[in-house]
Amino acid sequence: MYTLKDVAAHASPKDCWITIKGTVYDVTEFLPQHPGGAETILSYAGADATGAYESIHPPSLLETPQPGFKLLGPLSPSELPTSRNLDLEVKRQPKPPLDTVINAFDFEAIAERTVTPKTWAFYSSAATDLLSMKLNKKAFDQVLFRPRVMRNNKFVDTRTKILGFDTGLPFFIAPTAMQGMINLDGEKAVAKGAGDENVIHIISTNSSHPISDVVSSGKGADQQTHFLQLYVNTDRQKTVQLLANAKACGLKAVFVTVDAHLAGKREADERLKVDVPVKSAVSGAVSHNDKKGGGMGRLMALYVDRTLNWEDIRWIKSVAGGLPIVLKGIQTAVDAKLAVEYGVQGIVLSNHGGRSLDTSPPALYTLLEIHKIYPEVFNSLEVYIDGGIRRGTDIFKALCLGATAVGIGRPYLYALNYGAEGIAHLTQILKDELETTMRMCGVTDLSQVHPGLVNTRKIDALVEDGVGHPYVKWRPKSKI
Amino acid sequence: MYTLKDVAAHASPKDCWITIKGTVYDVTEFLPQHPGGAETILSYAGADATGAYESIHPPSLLETPQPGFKLLGPLSPSELPTSRNLDLEVKRQPKPPLDTVINAFDFEAIAERTVTPKTWAFYSSAATDLLSMKLNKKAFDQVLFRPRVMRNNKFVDTRTKILGFDTGLPFFIAPTAMQGMINLDGEKAVAKGAGDENVIHIISTNSSHPISDVVSSGKGADQQTHFLQLYVNTDRQKTVQLLANAKACGLKAVFVTVDAHLAGKREADERLKVDVPVKSAVSGAVSHNDKKGGGMGRLMALYVDRTLNWEDIRWIKSVAGGLPIVLKGIQTAVDAKLAVEYGVQGIVLSNHGGRSLDTSPPALYTLLEIHKIYPEVFNSLEVYIDGGIRRGTDIFKALCLGATAVGIGRPYLYALNYGAEGIAHLTQILKDELETTMRMCGVTDLSQVHPGLVNTRKIDALVEDGVGHPYVKWRPKSKI
Amino acid sequence: MYTLKDVAAHASPKDCWITIKGTVYDVTEFLPQHPGGAETILSYAGADATGAYESIHPPSLLETPQPGFKLLGPLSPSELPTSRNLDLEVKRQPKPPLDTVINAFDFEAIAERTVTPKTWAFYSSAATDLLSMKLNKKAFDQVLFRPRVMRNNKFVDTRTKILGFDTGLPFFIAPTAMQGMINLDGEKAVAKGAGDENVIHIISTNSSHPISDVVSSGKGADQQTHFLQLYVNTDRQKTVQLLANAKACGLKAVFVTVDAHLAGKREADERLKVDVPVKSAVSGAVSHNDKKGGGMGRLMALYVDRTLNWEDIRWIKSVAGGLPIVLKGIQTAVDAKLAVEYGVQGIVLSNHGGRSLDTSPPALYTLLEIHKIYPEVFNSLEVYIDGGIRRGTDIFKALCLGATAVGIGRPYLYALNYGAEGIAHLTQILKDELETTMRMCGVTDLSQVHPGLVNTRKIDALVEDGVGHPYVKWRPKSKI
Amino acid sequence: MYTLKDVAAHASPKDCWITIKGTVYDVTEFLPQHPGGAETILSYAGADATGAYESIHPPSLLETPQPGFKLLGPLSPSELPTSRNLDLEVKRQPKPPLDTVINAFDFEAIAERTVTPKTWAFYSSAATDLLSMKLNKKAFDQVLFRPRVMRNNKFVDTRTKILGFDTGLPFFIAPTAMQGMINLDGEKAVAKGAGDENVIHIISTNSSHPISDVVSSGKGADQQTHFLQLYVNTDRQKTVQLLANAKACGLKAVFVTVDAHLAGKREADERLKVDVPVKSAVSGAVSHNDKKGGGMGRLMALYVDRTLNWEDIRWIKSVAGGLPIVLKGIQTAVDAKLAVEYGVQGIVLSNHGGRSLDTSPPALYTLLEIHKIYPEVFNSLEVYIDGGIRRGTDIFKALCLGATAVGIGRPYLYALNYGAEGIAHLTQILKDELETTMRMCGVTDLSQVHPGLVNTRKIDALVEDGVGHPYVKWRPKSKI
């Protein structure tokens, strides 16, 4: 039985105790391993860290022994801190068994009621009125199939290549920041699950774990393909180091994000203040509240270079060690065309999951816009799309319309709630859905897909077919 | 008064007792007659079968004496099993009198609250997000009439022919699996009700009862027309036998299902595990849980031959004994055209009630697509449509647009909740609604219908008019 | 204090007592005056009539002394019938003061909670799924204005002519059956209110009161214009008499209903069985339950001649004594054109308030269809529309699109809940709304309206522009 | 401790006591300063004014000492008036801290639950069925961006000019009546907040405060731009005086409202009767209940000259002392063209926030209509739009489509709930949202916006492209 006074005596980096939920821990040896950085813990050294701890970690984490996180014993009952957020505890519910999860939406619904409010806010939020986020999904729902029947499809094959690299499925796990918020293993668990199921994982610049740890958690760089997502740092030298490290770790391509040099206004994220700073192990970005609110996404983007422009592509190539470059966040046919001219190897049509600019176009509209305006783009680079993809049917539709592959983001974050097993389980679900779709459409391997298998009439009239506006020809004029 | 020990002494095929809801039954003689197969019961021989029984049978069934199902007496109160699913019992409500049922939706609402959860899940579920199922109905609702007035229509006549066979109404009762789940008489009751009202009934390969029993329950093969729905078995010999049997029983046509060589992902069905296997008396298919869930539809489809393709039509014809062949599940104009080329007598435009592939097209879209692309199809075979038809107005719209007849599925399953009387009652309702529609539109017999009586503007722009995509011309290209 | 035995002794047409809500009445002298017919009461002679009474009359009626309806005194408490529908009483609420009613929707909401369930069901119901009823209103909501500003409109004038007769407002009170159900004075109160506000009232063939009583309740035939709505009787001689009587009473035109020779399937009406037959004082139609349900609309239509056709117009003219003939219920441009050819003076584009055939077109669509296909119709007769008109804006839109006037039905039924005062109040509301609309659009009298004041783009694409279907060219073919 | 009798002894303009919520006040010196006029208070002189006070003032007002509003002490408990509207008090909730407000919708939601019901009804209400009000917002939501990426936009500049006057942001605070209802300082607080953030404020003819007070509350006419909104008075001399005063106070332009010479039917406003008249310090308009209801908007418009027409523009110019003239409320391209011909300097495309005529067109439709029909209008005057603008994205869309600036009305009313600080806070929010939008679209200053940055396909088909109706060519005809 310890008193608060006992605890207070251990408040230095060399001897650090904290209390969580009425239990005393010696975390001295854990400090250097903390994914959120040692400073985060040290600000609670010798004191109660319950509130901070609970706002950012999964409730079940304490049940798992962590190396260096030593349980000393209970705090004296009379000493229990009174400010504990009981409401938070009550609301977090236990997770149902993984085998009852049968689709991507199940993972999302479970995350909403089992993860901490801040994690949910950060992952699920999108820009302002959420219109683009909803439109992303709706666009897929409005495309109908034209299924061909009476084809022998006893065997179907979902394998393909992305940038020339083999993959078991025509999608990659899209890069998302701070995966450690939902599961302490974060990107490491994703790498393991992705390796087991043979899908490609893109590691974020804002990864919770160092790239080398992520890669080594899977099958290793020889046996498993990883790509790097890149935010260019205002301190360009840091970007040079990051790219060198990525190359050294065996990453195979660089996806440069071009639609989030600043973060969108994600209001659910802003509204929820955090009690504790969060730090990325890769970029070093740290987020905390400011006067605009507690927007983790916004605060993590502060180091991103807003001067980035087309001419910088030459520089990125020069420091990327020969890795293929892909631009993530293209939203118009004209920028797709520019990407060709600047010689990149691929583009991801994306509105950042609706998180950047509300009423920005769903990637499916941009895909169709390119077909209308610059179809030759498809001959020069690979085109991927992301945003709103939740079903095997969605994946198949994108492929029919010329995408080489798609990116899947939030669903994998929510699946990570179950660790590497969740990652594998979601991948199996999507594979099963994709195979069913292929069979139902009369297709046995992905080289057979073609646009005649889908009916896009419901959205065709919403897609622009020229670079300018069809009839508004206004140009700036002199003022009165 | 019996004890559990007494019951346990009778646990063989030759001497089989079970207990249900605290009552002891000797079911030895009932075993060979059980629509779900003797094995199903035998797995509970000498034991309590309440949970299994209730999950799959209507609550009222025990009140009806079944030949060979002998009531012995009560179980000793101290022996009552404690694991009974009381929740299930509480939720199942009594059925209202049949004369308060005035439309097809009433039957559905009553079924939802009176049948077992598994029966409801199996019958009502559809693929993934239910988009196609909802669109099926919505498509009909969006077609408007252009009613002609001031026509003498004191008398109206709803009779027509399907494949040359007389019918009192321009629709058939679509084939649905395992009709015994909602009413022990299943297909036999359907046959009786259909015979009484002069409509054609299509018997499923997954019928709960043998074809001969079904036919003899009605007016007999001479007085009443039945068709066979066919799933081709991976063991082709079984299909040969089935077709021979169908022919021998007097069935008049074969409807080959081409859109469900595997079942769609019906999540409501998957989520609800069954306690008891269900077996078809015709195909012999047995369903039970597997690691993907309890999807009865998926499990019953395991024997279906996924290699089935256009070239197999020749073989089917060769073993069908001269019966007309109809393909059920055509979803594109180009496959309708192929059906003509392969010489079948009819096609059912269908997305399997939205149960196979979500966002597959409503049959009404496919009907209009054929008019746009290959209108000559209508000169070569009969075209039927199904999916979402709930009203006499829906039937009439399909006929105005060139369908020879329509298929009605789920509504008849729900009507079967009231046995043969329910089948007849629903038929009378639909006939009355159809007659009212005819009178309101100024039509006195079905030879007078024409497309000028309907306005399809709301959906016209959603229908494709070419075989490929209107502007996406992408073709597979070599990878980078 | 009376006993049930006392009451039972007075059970003949010459000496008739009944009990209602525990009070005994001598209704012998009231019998011949009962709007619902003497037989209705006589079926309860010497007995309790509470249930029957309450199902069809407004709760407040007993508070108003009725000539010949003599209160004798209370029933002995021990004799009170136990089967009274207490639920009904509880649900019926008092009406709020008339001056708190500020629009047509208020009258509807008040009626829903203050009139008897059967009256509400009969008035508010529409065909099957209510799609046309909702579409009627939605069509108006989707038309936008193109208001012209900076026009002097200090004074505005809403007067116009209908069939050459002066009216203070460009609409008529549409004919509706059995107005006595909501207010004992029924059509008489309507006539009074209409006369006070200078609008034209169309008296239904199914009027609760004799035409002469209705006319004399207002300003008289010289000072006030009434029209007759006509259902042609299978006994044509009765129609001859009705027309002669209408002419004798001073009615000025005959509106022949052509879209309801049978009533639509109004399910809310069917579901509610009535305890008492209802009888029209004009047509003599009596409604009661049958095996299809309690559909008052359907049952009252049984006498209507279903053989009525275009050739009968000549006969109607021959027996209408020179009154102008208007066809009510035209739903296609081609029938509008036929109306011109058969020489009638006007047509009402109408789908009977959505009560006849569900998914029949809103009148606004038909109005636009005529402009597209046979615009010359507008030069040959007057065109009115009804269905879904609830606001002054709706009236104005119809006029801009070429309607001479509009008909307003249900809103006046609901206003009649407040008697003649309610009729006048609703008329003042609509006049005020219309004047505001005129001023906002820059129009000072109704001769200035024109189609350039409205934007119909939202519905234009839904309107047919040819007599047949735009691309479905199917024609009946020989069967296989 | 005072008695009601004590209070009643002080009931004259020279000696005026009132009681509010059980407290006695001497308000004699406050009378001439009351924004609502002395008469308003005098009608309660010597009596309890709680109900009247609460219906129109913010609950917190009494907590702030008002000069001349002297607290005398409590009323004797036995004398407390019993008619107090407790319900009102209970519903009014405290305002959350301003720093938790992160968008314009937050201000609205807070106002709904914290201001008096009458203030909420007056500010939030719109014409009849609220269709135009909702469509205003929806129109913006349906326009998508076509964001350009990879542009250096480290620095962005939101400054522009309106009528040649500098402004920090491309919008003005639209004129709204009676801003003193939500905050006693009303327009004065708006002027202060607007001055601090460098945006232009338009002062309403129905301002709660005199123009000179408003101007002096900000930075003064030399340092801050104000415009005048003008309703022309039926007594034209009053308008002459008003314009002379506005000019003398340093206002820089006159916005003549042309779409509200009468107020629309705002039913929420009509339904709530006021206990107290409200008076404008500028126009002198006083509102009170009449037999149509308590519509404050309608009653305040009674003095507005309904004869106002295009020819009056010459007169307005002649009395406006050379100030630029802008017409507010243009709703068609043809009136925009007339505005050019009559030589005004600007037009505000507006449907008065949906408050005038329901189903009048959203300003965005009118903006597009001008581009289709008379694009030359944009070369001759400045075009502004208002209605439904709630986000920085909305502002940016309007500018891309050729608007010089936009007007923002209700959001600023709701922000005024927090006084000048609220005005400044909302402005900062909108500026931040606009800057984010500019960066996301690849634009660094407002001279770079162009129509190619937006996709208006979703609404294009709803916009007229000719002055008349596209196919309805009806013209008034002679009657039968």
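Residue numbering begins at 1 within each chain, and the chains themselves are lettered A, B, C and D in the order written.
In this text, a contact is a pair of C-beta atoms (placed from the backbone, for glycine too) under 8 Å apart; a residue touches a chain by one contact, two chains touch by 3 or more.
All values derive from a computational prediction rather than experimental measurement.
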{"item": "Chain labels contacting chain B and also chain C", "value": "none"}
{"item": "Type of chain C:chain D copy interface by residue overlap (half), same or different", "value": "different"}
{"item": "Intercentroid distance (Cα basis), chain C paired with chain A, Å", "value": "61"}
{"item": "Whole-Å gap between the CA centroids of chain A and chain D", "value": "43"}
{"item": "Two or more partner chains touched - positions in chain D", "value": "461"}
{"item": "Contacting residues of chain A [partner chain D, same complex]", "value": "128-129, 131, 258-259, 261-262, 264-265, 267, 270-271, 291-293, 306-310, 312-313, 327, 329-332, 334-335, 338, 356-361, 365, 461-464, 467-477, 479-480"}
{"item": "Footprint of chain A on chain D - complex, ascending", "value": "99-100, 102-103, 141, 143-154, 161, 163-164, 324, 345-346, 368, 371-372, 375, 378-379, 381-382, 391, 393, 401-402, 404, 432-433, 436-437, 439-441, 447, 449-452, 454-458, 460-461"}
